[in-house]
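Got some structures for you, see below.
Look at the two complexes coming up: chain A is in both, with chain B in one and chain C in the other.
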Partner chain A sequence: MIITFKINGEIKTQEIKSSLLLIDLIRDVLRLKGTKPGCLEGECGACSVIVNGAAINSCMYLAINVDGKEVTTIEGLGNNENPLHQVQEKMLENGAVQCGFCTSGMVMTTKAYSDKCIAEGITPTREEVKKSLEGNLCRCTGYAKIIDAAEAVYKK
Partner chain B sequence: MNFEVISPKTTPELLNAIYDNQTENFRIGAGFTDLINQFKTQETEGLILINLTQLKDDNFKLIIENKTNFQIGALTTASEIIDNKSIKENFPVLYQAASKLASTQIRNVATVGGNICNVSPSGDMTAALIALKATCHIIDCDGNERKELLSSFIRGLKKTSLTKKEIIKNITIPKNAGQNLKSGFEKVGSRKSMEISIVSLAYHLQLTNDGIITHAGVACGAVAPTIPFTTSACEFLIEKNINTISENDKEEFAIKVLEYANPISDIRASDWYRKEVLFNVSKTIFGK
Partner chain C sequence: MLLRQFIKNSSNPPLTPPKEGKLPPFGRVGVGQTSNFKTMKKELNIIGKSHQKLDGKERVSGKAVYGHDIELPNMLHGSILRAKYPCAEIISIDTSKALTLEGVECIITANDVDVNNIGYKRDHPILKKGTVNCNRDEIAAVAAQTKEIADKAIQLIEVKYKIKEGVYDPFEALKETAPRINEFGKGAEQFGNKNVAEYFHYEHGNLAEQKAKSKVIVKKRYELPRVTHACMATSNITAEFNNFDGRLTLWSSTQVPFLYQRDIAHALKMEPSKIRVIQPIIGGGFGSKLDMHPFEPICVLLAKKSGKPVQILYSREEEFLASPTRQPMVIDLTTGCDENGKFTFREVEIIKDNGAYTSWGATTPFVMMQSYSSLYQVPACKFDSHAVYTNNPFAGSFRGYGNPQATFSIESNIDLMAEELGMDKREIRLINANYKGEITGQGLHFKTCGAIPALKTVIEKSNYDKIMAAPNTGRYKRGVGLGSMLHVGGGAKIYRSDGCGTTLKLDDYGYLTIVTGSNEIGQGSETVLAMIAMEELGIPKEKIKVINTDTDVKPWDVGVHASRTSFVAGNSLLGAIKLIKEKLNNKASQLLNVKTNEWEYKDGSMLFNGQEIKLDKVAREMHFASPHELCTVNYFYEPPSRFQDKDFKGDVSGNYAFASQAIEVEVDTVTGNVQVLNVHVSQDVGRVLNPIGLQGQMEGGLATGIGYALTEEMIYEKGILKNPSFHGYKMLTSTDMPDVHFYPIETYDEAGPYGSKGAGEAPLIPTAAAIANAVSNALGVRFYSLPITAEKVLRALSEKKLETRNSKQETNKI
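Take a look at the complex of A and B:
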């Protein structure tokens, strides 16, 4: 099956097996290794990527369903001028990265949520920020700093 | 996983796909948050997947306000339910159930139709819809249409009245008689996020300005093979005043809810615990 989609700003046409999962398209076919395979059953959020503005678990998403859509992975957040996205800057500033395995998922979920909040003109409360990250697990138990970082995105 | 996928773009294409594959082993998928996990643990060789993600039909996708009801497309996601102002205002029970379901990533893709057709006793949006006396609108590949109350559409554990020829197009919820509501979704689990309910209680009470209950819908999840609509408990509440309801009446209501519970003991909780929790949660829906 042939699909055409945008990934990190670049249009790609790719022949894939119809039962291929998005995480396998991203990691094994496109060789973008920043998206992490964690539980592979939708619990941990390490594989989170953004499809048409919404964070999703790429381990439970069929690759054929990105046909005609726009996918952003962690690799798509930086460019030469700005190597790190604001969410990544805040993660660094707040010491929110320990082993780093959950980090790209945390960043992608936070980016999607902050884009939505900014578009709607909302500054979320700490509780709302926490809720936005309920689908992301950190096995290093670094939640306090991760939530601090996600909250700092809204502070001037 | 190794299966063939058909991705209909229109409803006629969808119905043709169902018609053409009557003798085959096929599954229908929308958000895939349950189905992919099932596929990962079973043989999928020879399986045909009818993929609804690319279907473009407003009757399946939109939330529409009609004269007497709200119509919710089967492919509406939990996130779309949460973002819809009319749902939040008119049916807090459904808004809260969708908000408490799994995680952002799952809510962004998981659909109402999928939550219903997965027929889990702990289906959060399904429990809310049962409390709201929702009706399923079903079409089949021979061109027939039928309606069935959601509470009777679900026939048992993992069983619905849906035949191999049929698919749910949308769900309708009758409009509220007035503005005064006591409506909510209580979900009890061992943690707040990504939780499958140990017990859930969906309630939607309509009140007069003085607080007299005129309509009541209460359903309980994860305590029986299906999600029962607690008819006798609901009837008991009619004409009671929510502001002055006595402790005895609250208990009697909770006892009536409990009559519908027939829980199992499993990895999440024992049957005894589920009953205790259901009883205590039922008493608290009236507020302090």
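Take a look at the complex of A and C:
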């Protein structure tokens, strides 16, 4: 079937099998390799992308469901003038990246959450920030610096 | 000093530590700053200040290329058929149906290949025939045009088995009546039992004499679970074989590329130099990539047979089923102390579940015996460890390399001895702690030692007194526990060389390329190397490149293990910098007509006595003017450590790391849930190189250590893994992570770059020990096995209640 969607600001029309997973559309069809396959069972969050403002596990989401929607992957952050989004900058400044395999997912989850909080005029507590990252696993960092980075997004 | 003298000295270790001064201040703690090592004397601008990860922008933007992201023209996808049963005879393998599936390019079984066994004991066939010995055994492999086709083809391969009764308990495997599990094992000839894969024995001191001196003797059995690395990136490899010249290129996430090159060559009967190993960005290592595993030569065999590049990527389930684990083991530890609490002896017997084949993991006793012999002052020690074949999956190496297991038993026994003696748990540790200048019974020479400062720091910072004094009634009970550790800090001389090579190239534009033998597996080693070059040569970060991923290019290094990379690669780089400075000094002196070697390197320039010349100009003059030289140097660093003798005695590392942790927990006596509230960790790191990187190593190690203590366990039933997913295997999440308070101790050890010591493994080593001691402190019940799950806590509490009730009834009767 044919779906039309916006990905990283660009409108695409694509013929796909109805069983295609969003992660496979992103990685194998569109060849955007920044979205990482950590478990393909919805447990680790490495494949998190943003669909219509919400971070989702792209391994648990059928590609047909993005028809008419807006998808942002890690490649969609930043631009030529500012290659890194603020969330990415904070991750680097706070030492939140070690092997980096979970990082794309951490960044996308944090971006979706902080966009929502900022839009609602909320500054979340550290506990709320921790909770927002609960679906993203990391084996290198012990999360502390990722949480620091996600909190730093709200600091001027 | 000769090895013999070490051993002689070690027979009578001094048993009283020197008097320590006041408690160290908050923050970094400097101890014994008497070294005259020249890099320590000068003021440092870069080292000791936090620097972002060198390639952090690539990693944070999704641009870094991991093994999963590699695509080659005409590349095929491989898939492996594994044994259906953990113990069986293979009657027949029929691949005919699978071969007819459209898109399948080739299938291999053991009958199609001419290969050598692999593994540390060469007891592991790459593809199995005749018998299967564990659930992860590789029976056949398919290369197909897509991963889906390869996976489907695997399902179409028909294998007939004769199921056999397996042996899943190492104690059963040791019985005479047990079947021989691994037909290549040499246990009968070497160790007097057919199912013993490896045996280690160590001893020092007079055990009988020390036992006689002991006021308290504690003998306990500890049981350690099987856990796994759970790297966020699953195992992966891409292989391309060139038929024209017989050369092989591997994109592999090994953490020991030069040993791996040799292992692949041996397995496939190739010349090592025809194998080029390229490391893409590695999505987690932690020791899992120390061994070469069967899927890697299998991928090459598929590439050779199909004539096309082949990629194998594990699914997460396959990662749980078929990647290495930490060694599960049963430790019988007997320890003693005299009436003053001074330790007298340790006697330990360990039975390790080796699984069906032998990996580097079987050599973990090499590290464990160091802790038993030398963590705290121990006048006599006897250590025996048997790794025993079973039909369980084989265990590999994992951050800490046996030390978390050893430390859990040692620190638990220390608490028990203190309780029996009625002594304070802090005091018994402080009076027995290691000290500067000590040469241990095993011959480890602690030229610097932060053990006592680390202990004192965590005791003070954790508010130990306050927690102990607080009332502990009601549903939630709090406790605090201590744990300390000793680990190699300056590499470990276990291979023929423990060295690392560096090539430096300063180009015509003043950019420096560091080609290092060492590897980046996420731990931040290349950032530290760039910092050292910035510090020494005054070149800005933007002008430094680190090349470290290609065995055809980089000089030799033994690999990422033993917390050695910053130490060994840092020293190697400092040696190379010394050489390149000699070249630059000579040229600059000639150009400016001065006689000096005292050039200062700053902001891309060389300065002396008011004169200044740009670094790139010196390099260009070297290149373009007679006698036309390139500004390149090579250096190989071999640490000053020594091989241990046949009795495992000797100073095996360039220096030694010490750490203590004080961990506060809260136990919910209704649910049994243990929550870690605060972790205070103090570690002798020699000198802090990159604070933000070091802190990250601490937090990450602690998270794995807490998981080991409380939540992680691979549940096996008769050789079959019951929880091969992140849902069933409980790693810590962001909400489980406690606050970490880290206090580095700086002892400025002469052997390390700027006085530093290896740090990466240490943070998870004493964690389970400290948590177990804290839970015991909270509840008055001790746990002798990990993980301390809610179920175990509740069972222990109900048993305690029952015991109390029974003893009350007994009292009433009297």
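As a working rule, the second predicted complex is superposed on the first by the 154 of 156 C-alpha atoms of A that agree within 3 Å, B and C clash if a C-alpha of one lies under 4 Å from a C-alpha of the other, contacts with A are read in each partner's own complex, and residues count from 1 in each chain.
In this section, a residue touches a chain if its C-beta (ideal position, glycine included) is under 8 Å from a C-beta of that chain, and two chains touch if they have at least 3 such contacts.
Just so we're clear, the structure is a prediction, and the values are computed from it rather than from any experiment.
When the shared chain is aligned, chain B comes close enough to touch A:64, but chain C does not. When the two complexes are overlaid on their common chain A, residue A:41 makes contact with chain B and with chain C alike. Once the two complexes are laid over each other on the shared chain, residue contacts for A:73 go to chain C alone; chain B is not touched.
Of the two partner chains, chain C is the only one that A:97 touches; chain B does not reach it.
Look at A:134: by the touch rule set out above, it reaches both chain B and chain C.
By the touch criterion stated above, A:144 is placed in contact with chain C alone, chain B being left untouched.
Counting residues of chain A touched by each partner, chain B versus chain C, the larger count belongs to C. Of the two partner chains, neither chain B nor chain C is touched by A:5. Residues common to the contacts of chain A with chain B and with chain C across the two structures: 40-41, 43, 131, 134-136. Touching chain C in their complex are the following residues of chain A: 32-41, 43-44, 46, 73-75, 77-78, 83-84, 88, 91-95, 97-104, 107, 127, 130-131, 133-147. Against chain A, in their complex, chain C makes its touches with residues 50, 52-53, 56-57, 59-66, 68-69, 229-234, 281-286, 315-316, 521-524, 692-693, 695-696, 698-704, 725-727, 731-735, 737, 740.
Chain A makes touch with chain B in their complex at residues 1, 17-19, 21, 40-43, 45, 48, 54-57, 59-62, 64-65, 67, 109, 112-113, 131-132, 134-136.
Taken together, the chain B residues at the contact with chain A in this complex read 1-5, 7, 32-33, 36-37, 39-40, 44, 49, 51, 53-54, 79, 102-106, 108-109, 192-194.
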